[in-house]
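Structures given as structure tokens follow.
Next come two complexes, and both contain subunit A; in the first it sits with subunit B, in the second with subunit C.
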Partner chain A sequence: MKSDPLRSAGLRHALLILMAVVVALPLYLAVVAASHTPQALLGHFPLLPGDMLLDNLRTVLSVGLPGTIPVWRMLLNSLVMALGITLGKLFISILSAYAVVYFRFPLRMAAFWLIFFTLMMPIEVRFFPTYQVTANLHLLNSYSGLILPLIASATATFLFRQFFMTLPRSLVDAARIDGAGPIRFFIDMVLPLSRTNIAALFVLVFVYGWNQYLWPLLTTTDAGYTTVVMGMQGMINAGASFALPRWDLIMATALLALLPPVIVVLLMQRWFIKGLTDSDK
Partner chain B sequence: MTACPTGAASLKRNRAKPRRVVDAAPFPHRVLPYFLLAPQLAVTVLFFVWPALQALSGAFYQTDPFGLSQQFVGLSNFASLFEEHSYLRAFRVTAIYAVTATVLAMGLGLLLAVLTDGLLRARGVYRTLFIWPYAVAPAITGALWVFMFSPQVGAGAQLLQAMGVNWNYILDGDQALLLVIAMTAWQQIAYNFLFFTAGLQAIPASLLEAAALDGAGPVRRFWTIVFPLLAPTSFFLLVMNSVFILFDTFGLINIVTKGGPGEATQTLVYKLYQDGFQNLNLGSAAAQSVVLMVLVAGLTIVQFRFIGAKVHYQ
Partner chain C sequence: MATLVLKQVSKRFGDTTALQPSSLDVPDGEFVVLVGPSGCGKTTLLRLIAGLEAPSDGDILIGDRRVNDLEPSARDIAMVFQNYALYPHMKVRDNLTYGLRLRGASKEDIARRVQWAAGLLGLSELLERKPSALSGGQRQRVAMGRAIVREPQLFLFDEPLSNLDARLRNHMRVEIKQLHQRLKTTTVFVTHDQVEAMTLAQRVVVMNQGRIEQVGTPGEVYARPASVFVAGFLGAPGMNLFDAELGADGQTLHIAQAAPLHLGSTLNATQCELVVGIRPEALAPDPQGAWQMDIVLREALGAETLLHGMIGAQPCVVRVAGDAPWQEGQRMGLRIDPAALHVFDRATGARIAA
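Moving on, here comes the complex of A and B:
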């Protein structure tokens, strides 16, 4: 057999560690920047973190930068939007999947294809006409306007539908013999059995919701609704307008903006990977 | 859009398999299902169907910027769109961006997947170290990288300048595009790594053992067995990476370059944003929306075809 450099576990680990360091570099530099005074960031870039991290975090959280709202309020807006999108998506998707799988009714397939249609319409494609509709409905500068246009989901509906179709028919027959109606069956059987699917989708959709940028940028002109991801632009503008650029505060905000979804993905890694790759099994 | 494969797969798979649901209705109710579907359909009609129709009709009209008058102009919005130099340029920028960032992200993702595959120790640790960028918003990725490569203060910029590179992406269009491509690849490695890892794990060990017994070395085994068997995964990732770059990179570009310098990093979605919301060219924006919808529809069909083919070959 030919000798293979990749067969040596030591070399593999060395390469992998090198790659992990490269991947982590942008995050490390952000931590370094967020933990120094702005003066320390001029000239040669410091290699090690300083001791200002907590001070900087406190400053942006409670005060923000000139022209921006405090970051704690941005985080709150992001949380409301992300949770609203997540719960909304899960709610309407699980209900429609239940309807399509457990009932036969006229126009069932038409409804199904209508939902399928949304698959082809990410917000980045339809934002321009959707903005006009949202404005007509007087939903600009509101949480509803941030959330509602993003909660229709073919993906989640299909995932639930696929899962429901794997549940044995005898389950529903037994429930009916016991006298359970569709709502009882949904609450007592379907919902508990869908736990892992709900968890998997929760992670995916929460990250999707938290990380929205374009839609909040268009629909919220009132600074009170700024989300932290979309507020990054204003932070950079405000921070760079000082004679001494406040990269320390900008990077502290960036850390606060990326931490929640990263924590959710890492803590719920198993569900996240299940949600992501379910289709590919 | 990230979770799209799920739906596509489920739909297609159910078509390929014998149907599991007995055709008699599990529940006989006729009205309840409409109530269950109502919220989803309401959102779909309000925020998807209606806007799509508006874009379609708007694309055939010329509206003045104040919305006071409208005039039917047939296909002339599309005609002038495809004559517009900067629109064709946005197509080209998007294509270059999509191809290079996809190739980079897929290559690195595959490398990481191959390196971690079969390791006895620390696989979970590596997975954690490699997947976290997936959760970072593209706009925040942009912020981290802008700081890293900002010509005045960035550590990366200082390194490049010390190496003699005349680094200033704010003035140099090629450097700007390169920077955007690099950070997009960084963002997407996680996704490709996860799917390639799943793809590698699905390859039966017996196949590789048989080849090894026949005297095929590891490199040969990779190119003759592993690589072809990863083809469906690769094709799927090709589509998903393209979709991400086409549509999900707006925030990144908005933070890093705003489409500039000049129009060096202006993608199709970014141009639509500028024409629709900054130049208030409504007819052109509607036509651009329609073009994007056709693009996504095309990609969705490609994705379906492929997943069908995969089920078939397996």
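Moving on, here comes the complex of A and C:
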């Protein structure tokens, strides 16, 4: 079809550029806001970035806003939580998927379906019972309380299970004849073969953990455990009571909060794409 | 090097019987082929020997040692799988040595064995490659290499050639045979391909519906099939089988819409409902022959020609040497040598000595 307008390279590029602009615009606004003084943000919003970006970043990182902890501590809290959730989730889910796929034990399928059913429920549904349990275990205001309840993951277990099912059964047989027991087989075969899947899940789960908002808000009252995502909310609330809203500092914090997930994605990109698309086994 | 003895071994999965009680004696160094259609229990039997499944009943002895309760790795066996089951993330060298390393063999010993096996199979150039960079035939060789570096007492092959194209299959068949002639290791080879079975085996074990139908040399099972199943399964094409009634004289076989066949002697049969079998090459073209066949299809294979036709309402195949002059639509006369007839009981399928 020669008349298809998308056949023209110019139009195609124009469309792509438009999309890129739409996606990048909020980011640009954040950079602009973070690089001016609060006074400059009043009235007309400036179109070009100012020269205060580094100063603002330095301020939020080391001092923070009045009434909040410095952002470097929020970033650290977020990092501990996100890494804890990521590593815990990967560890638990790969082991449970391994058990469900490779071992015959009573109620094996019942266990699998039980895990599977939790996929159907949004995590918020179980917040209150989970909160109760966490409180009874005296885990409020602790890293354990932030991490442990979010570790169980039906999604990751399910994905690993699906991957293990694609491994040929004869691989187990061959390894058994070679003398590999269940633990050896797991370490020598299953782990290396799942590495692209692990990388892909690492990225997804890290971003998920980093962006947790409601759960940290519920379980931590001690400002020392503030994560950066919930910290920003606190800043906006606090900002309302100032004479001058500190949007410059809030946006600088937002930029900082954005950085670690971006770094993780960039570092793992190669593996991530491989894990999603590649079926080279 | 070891003998393999199966004593009334059977296997049930829940309510289904995959293998009925079966016994087999394989002397040291013999090449045995288990052959049968899919679902006949041949792979189950192999997996029982390997220890990948536990038998429901019976004993398995390898080299006079009862191995029922031993893990596969403790049975001193090696197995080649249909899909090769190479470890995809390991180089060829590591694929070959994985089992040895787990056993804690010394570095020198491993190096020596890898060099020997790689030399034997022509793998020396491929040792540093990953399986994904190998062709089908090379993967097949690596799978065999992984088996022979172990220098096991028993080789088990599970349809190892069925993923290869026809040309490579013939080539690897010869290689496997030569390998066995050099190593003289007791071998159990499973296949559904009767040509593989006939060419590789010192003894063929024909299986059907979870049962061993017949055990014998390729010559024996071909010349004296023990049942209708074996007669129809072995040979390409299989034996022509016709329903027949035994006449009152005990010497004449009546076949619907075909001239009766006269046996030279009285048949010692209690039944008169029989099946008579004739190999396609045992039917000789003869214008004066007792049978007339209408040719439906002609397959010229070069060295021989297969003529498919109908005798009355029953299909029949005749094998003629060379490029036979008969064409589709013609009628040909066939002469039958009574000595080349196989007679079976129609109810039980068993051969009736004749």
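Everything that follows uses one rule, which is that the second predicted complex is superposed on the first by the 261 of 281 C-alpha atoms of A that agree within 3 Å, B and C clash if a C-alpha of one lies under 4 Å from a C-alpha of the other, contacts with A are read in each partner's own complex, and residues count from 1 in each chain.
By definition in this document, contacts are C-beta pairs under 8 Å (C-beta built on N, C-alpha and C of every residue); 3 or more make two chains touch, one makes a residue touch a chain.
The structure displayed is predicted, hence computed values, not measured ones.
Aligning the shared subunit A places subunit B and subunit C next to each other free of steric conflict. With both complexes placed on chain A, subunit A has more residues touched by B than by the other of subunit B and subunit C. Touch criterion met: A:Met189 reaches subunit C, while subunit B stays clear of it. In the superposition on chain A, A:Ser93 contacts subunit B only, with no contact to subunit C. By the touch criterion defined above, A:Thr166 lies against subunit B but remains apart from subunit C after alignment on the C-alpha atoms of chain A. Within the superposed three-chain model, A:Val262 lies in touch with subunit B and out of touch with subunit C [touch as defined at top].
When the shared chain is aligned, subunit B comes close enough to touch A:His44, but subunit C does not. For the pair subunit B and subunit C, the model built by superposing on chain A gives 6 Å as the shortest CA-CA distance. The interface of subunit A with subunit B overlaps its interface with subunit C at residues 173, 176, 280-281.
Taken in their complex, subunit A has these residues touching subunit C: 168, 170-171, 173-180, 184, 188-189, 192-193, 280-281.
Of all residues in subunit C, only 47, 50-52, 71-73, 77-79, 81-83, 85-89, 98-99, 102-103, 132, 146 touch subunit A in the complex they form.
The touching residues of subunit B, counted against subunit A in their complex, run 1-11, 13-14, 20-27, 29-30, 32-34, 36-37, 39-41, 43-52, 54-55, 58, 108, 111-112, 114-116, 119-120, 122, 126-148, 150, 152-155, 158, 186, 189, 191, 194-195, 198-199, 202, 212, 215, 217-220, 233, 236, 243, 246-248, 250-251, 254-255, 269, 272-273, 276-277, 285-286, 288-289, 292-293, 295-297, 300, 307.
Against subunit B, in their complex, subunit A makes its touches with residues 1-2, 4, 6-7, 9, 12-13, 15-16, 19-20, 23-27, 29-30, 33, 41-42, 44-45, 91-93, 95-96, 98-105, 108, 111, 114-122, 124-134, 137, 148-149, 151-152, 154-159, 161-162, 165-166, 169, 172-173, 176, 181-182, 185, 201, 204-205, 207-208, 210-214, 217-218, 229-230, 232-233, 235-236, 245, 247, 250-251, 254, 257-258, 261-262, 264-266, 269, 272-273, 275-281.
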